Amino acid sequence: MSALATEALTLSLGGRRVLEEVTLTLAPGRVTALLGPNGAGKSSLLACLAALRRPDSGAATLDGKDVTALPVRERARRIGFLPQQADVHWDVDVRALVALGRLPWRGHGAAGVADRAAVERALEATAMTALAGRPVEQLSGGERARALLARVLAGEPEWLLADEPLASLDPAHQLDVGARLRAVAAAGAGVVLVVHDLNLAARLADSVLLLRAGRVVAAGDTSAVLTPETIAATYGVTVEVGVTAGGERYIVPVGRV
Amino acid sequence: MSRATLWLLLALLLAAAGSLAAGKVWVPLDAWTSADPRSIIIVELRLPRTILALIVGAALGVAGAAMQGYLRNPLADPGLFGVSSGAALGAVCALFFGYAAQAWLLPLFALAGAAATMALLALIAGRSASLLVFTLAGMVLTSLTGSLTALAISLAPTPFVASEIVTWLMGALTDRSWDDVWLALPLVALGVAVLARTAPALDALTLGETAARSLGVEPRRLQRAIVLGVALTVGATVATAGVIGFVGLMVPHLVRPLARHRPGATLWPSALAGALLVTVADTLVRLVPSASELRLGIAMSLLGAPFFLYLLLRLRRRLA
Amino acid sequence: MGARAPLLLLAAPALVSAATPRAPRIVSINPCLDAVLVRVADPAQIASISAYSQDARSSSIPLALARRYPANAGTAEEVVALRPDLVVAGGHVAPATVAALARLRVPLARFAVPTTVEESVAQVRDLAARVGHPARGAALAARIEAAARPSRVTPLPALIFGAGGLVPGAGTLPDDLLTRAGFRNASATYGLARWDVLPLEHLVAAPPRVLFSVAAAEGAGGGGGERAEHHPALRRLAPRLITLPFPARLMNCGGPTIVEAMAVLRGARTRLGERR
């Protein structure tokens, strides 16, 4: 069981304090949502966890070791990162795109049997096997999002960090991708998502970390954190919280505080 | 090895054989044996020239493919970092001051120019890994070295020296020797090896820099490898053959479909296709009836314009 | 020579042609030297001349004469195929070609661009000696010296205005020709170096008496010389400044072209002498 955590993480960007003494521990096998208003520091925190940003002081740690001090390849294998920008600069086909996720395992060598198998598993998990030969430019938005998710899955990391993976997806695709993410967590990996949408967080996340102005203001199980009081304090809006007939939580903003 | 690569290799062998046989002096096959004095032409002139054409073409092809993969831009050219222009300035200085009398001084000056440009690039761009900063630094250097070259031409003591400089700048493989081959081969081999090692990183960059970094790509290390590889390949090319443009720009476009658009997979095919292109072009310039041999750099420029017109028309059709 | 010796022995019969050791086989890769060569060497000796000599715009010999010889583009490859005893070239040859000829042990004689008539005459004698006909060289040298004998008239200020405004200054062959023909090269008054571009402004401010403008060859477009000829500023100076044509190919070659160049210049000086 690996533990991803931060200790007194402090980060400034462009002279502005973005994260202030953030200390937290993330649990594997669960989906954790990083929530908070704009500018709260969610994406920066995710980047620090993935060793894509160096904090000014404090550290993000994996099993107690500073992630920025880990050998680059080990870190790449253990932590998978899905950025918000869905850039694909060259018109490769889906299988080649997904195979890029195996680079931390392959290095300079050719793809081996294990690599190919992992790619196929990832394609299947995201229902992209039928589209594997298609050039990326010919995919729809939802298909592209699934292909990029498959890329991260192909690396079979212990920790999957994703920045707004469901933004600009149709409801159907949001359901699909969301289900995949929950399945990944169920299989033992730790999933950390930055999300904006409270309902998505309510439905997908087991745990929630609520950030405001660079500090963690609430942490814990989703139902415990996403209460009308906490939401009002963090976002400045009054909400109605409920449960659908099927047991899905929903949160509806009704007005400003 | 894929079928396309095999076809390229076959075409390359034919081109090389053609290059050995063809020229203003056609040497028939039976004259190639050492009993015929014309074999001197083959062994001492055509053979090193053909091999140098292969080396130069491969060097420029790989450099172009690596630059396009690194900058994520299909219009990138190996000259963008200013190394080509700096190497040319070095050689021009040798011609300007008359040092070119010694056959090995000109390539030495060119290599010194390439090295100095690389050092200046590192100095100006600093420790920034930003592509924009680097590209701008390259533009500064190209501008500066280009101006100094033009200055040398204008200050030339006689119009003959000016003409000599301008002629050299147009690039050629005429009368190159085994000395040029021995100079270019190790440098180009090293440069190509350095660039070949960047293939996985270039592939990862397909996803953008953030995702590539998360996959283990180290941007500064990659940048150093690209700059070093391009400096070695382009520097060696300019030192032995002058400025030959368009190869690094055109060849990756031609092989990209073969490589299924994966940037890392364009490197070796670009080497083969570049070697093929330069060898064929060099053979053709020997056959053109003109008072002096048509300059190879000119031939490449003439090929470049219609090539880009074709790209433009194809793009227009796609966007329409 | 070691590895090549058996080669040459085998090829020996092919090498012995009409040329004998006293009259070697020559390849020229310079059109100016071609002009001397056709006058001092036997036709059988000349294996090849520069392709430039077969182009009206750059040739210093009559085209009909030039076409009698095979032409070369100045590459070592072509030279070696002809197996000459001597290659003659000008002052500016591609470094790779010089290196290639040296490596292949082909004797190369280089003649720098002449800067005075004496230098050119010395080159004529030298080349004639090398081709084994010193007497013809002496005869040609005498003709050139006679044509270039200094005039004993008051020098008039003159300027040669080349393509793009390029002016030959002190220390060039055209400068020497001007002086001998009875002119004074005005380039010094503008502080020009050996070869420099003169902006029209300076020319108009202090015009010489005569402007020799490099006329374009028939059919080809004009350079700065023609622009100068027709520039309104110069036309307005017309009565004071006389513009005369001067063919470009007479500027730099030296050798037999000096005779023709001096004829043009002296003819102009004579007419001007009468006018004054």
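Every chain is named by a letter (A, B and C) in the order it is written, and numbering of its residues begins at 1.
The rule we apply is simple: a residue touches a chain if its C-beta (ideal position, glycine included) is under 8 Å from a C-beta of that chain, and two chains touch if they have at least 3 such contacts.
These numbers were taken from a predicted model, which means no experiment stands behind them.
With respect to chain C, maximal separation of chain centres occurs for A (centres as means of Cα atoms). The innermost chain, defined by the distance from its C-alpha mean to the mean of all protein C-alpha atoms, is B.
Here the CA centre of chain A is 44 Å from the CA centre of chain B. Between chain A and chain C the centroid-to-centroid distance comes to 79 Å (mean Cα coordinates, whole Å). As a whole-number value, the distance joining the C-alpha centres of chain B and chain C reads 37 Å.
By the touch criterion given at the top, residues 50, 52, 72-73, 75-76, 79-83, 85, 87-93, 96-97, 100-101, 103-104, 106-108, 135, 148, 151, 155 of chain A touch chain B in their complex. Contact residues on chain B toward chain C in their complex (touch as defined above): 23-25, 34-38, 40-41, 44-46, 100-101, 103, 106, 157-161, 163-164, 167-168, 172, 174-177, 179-180, 286, 290-293.
For chain C in complex with chain B, the residues that touch the partner chain are 7-8, 10-11, 14, 50-52, 54-55, 58, 71-78, 80-81, 83, 91-92, 94-100, 102-104, 113, 166, 193-195.
The touching residues of chain B, when paired with chain A in their complex, are 72, 197, 199-200, 203-208, 210-211, 213-216, 218, 260-263.
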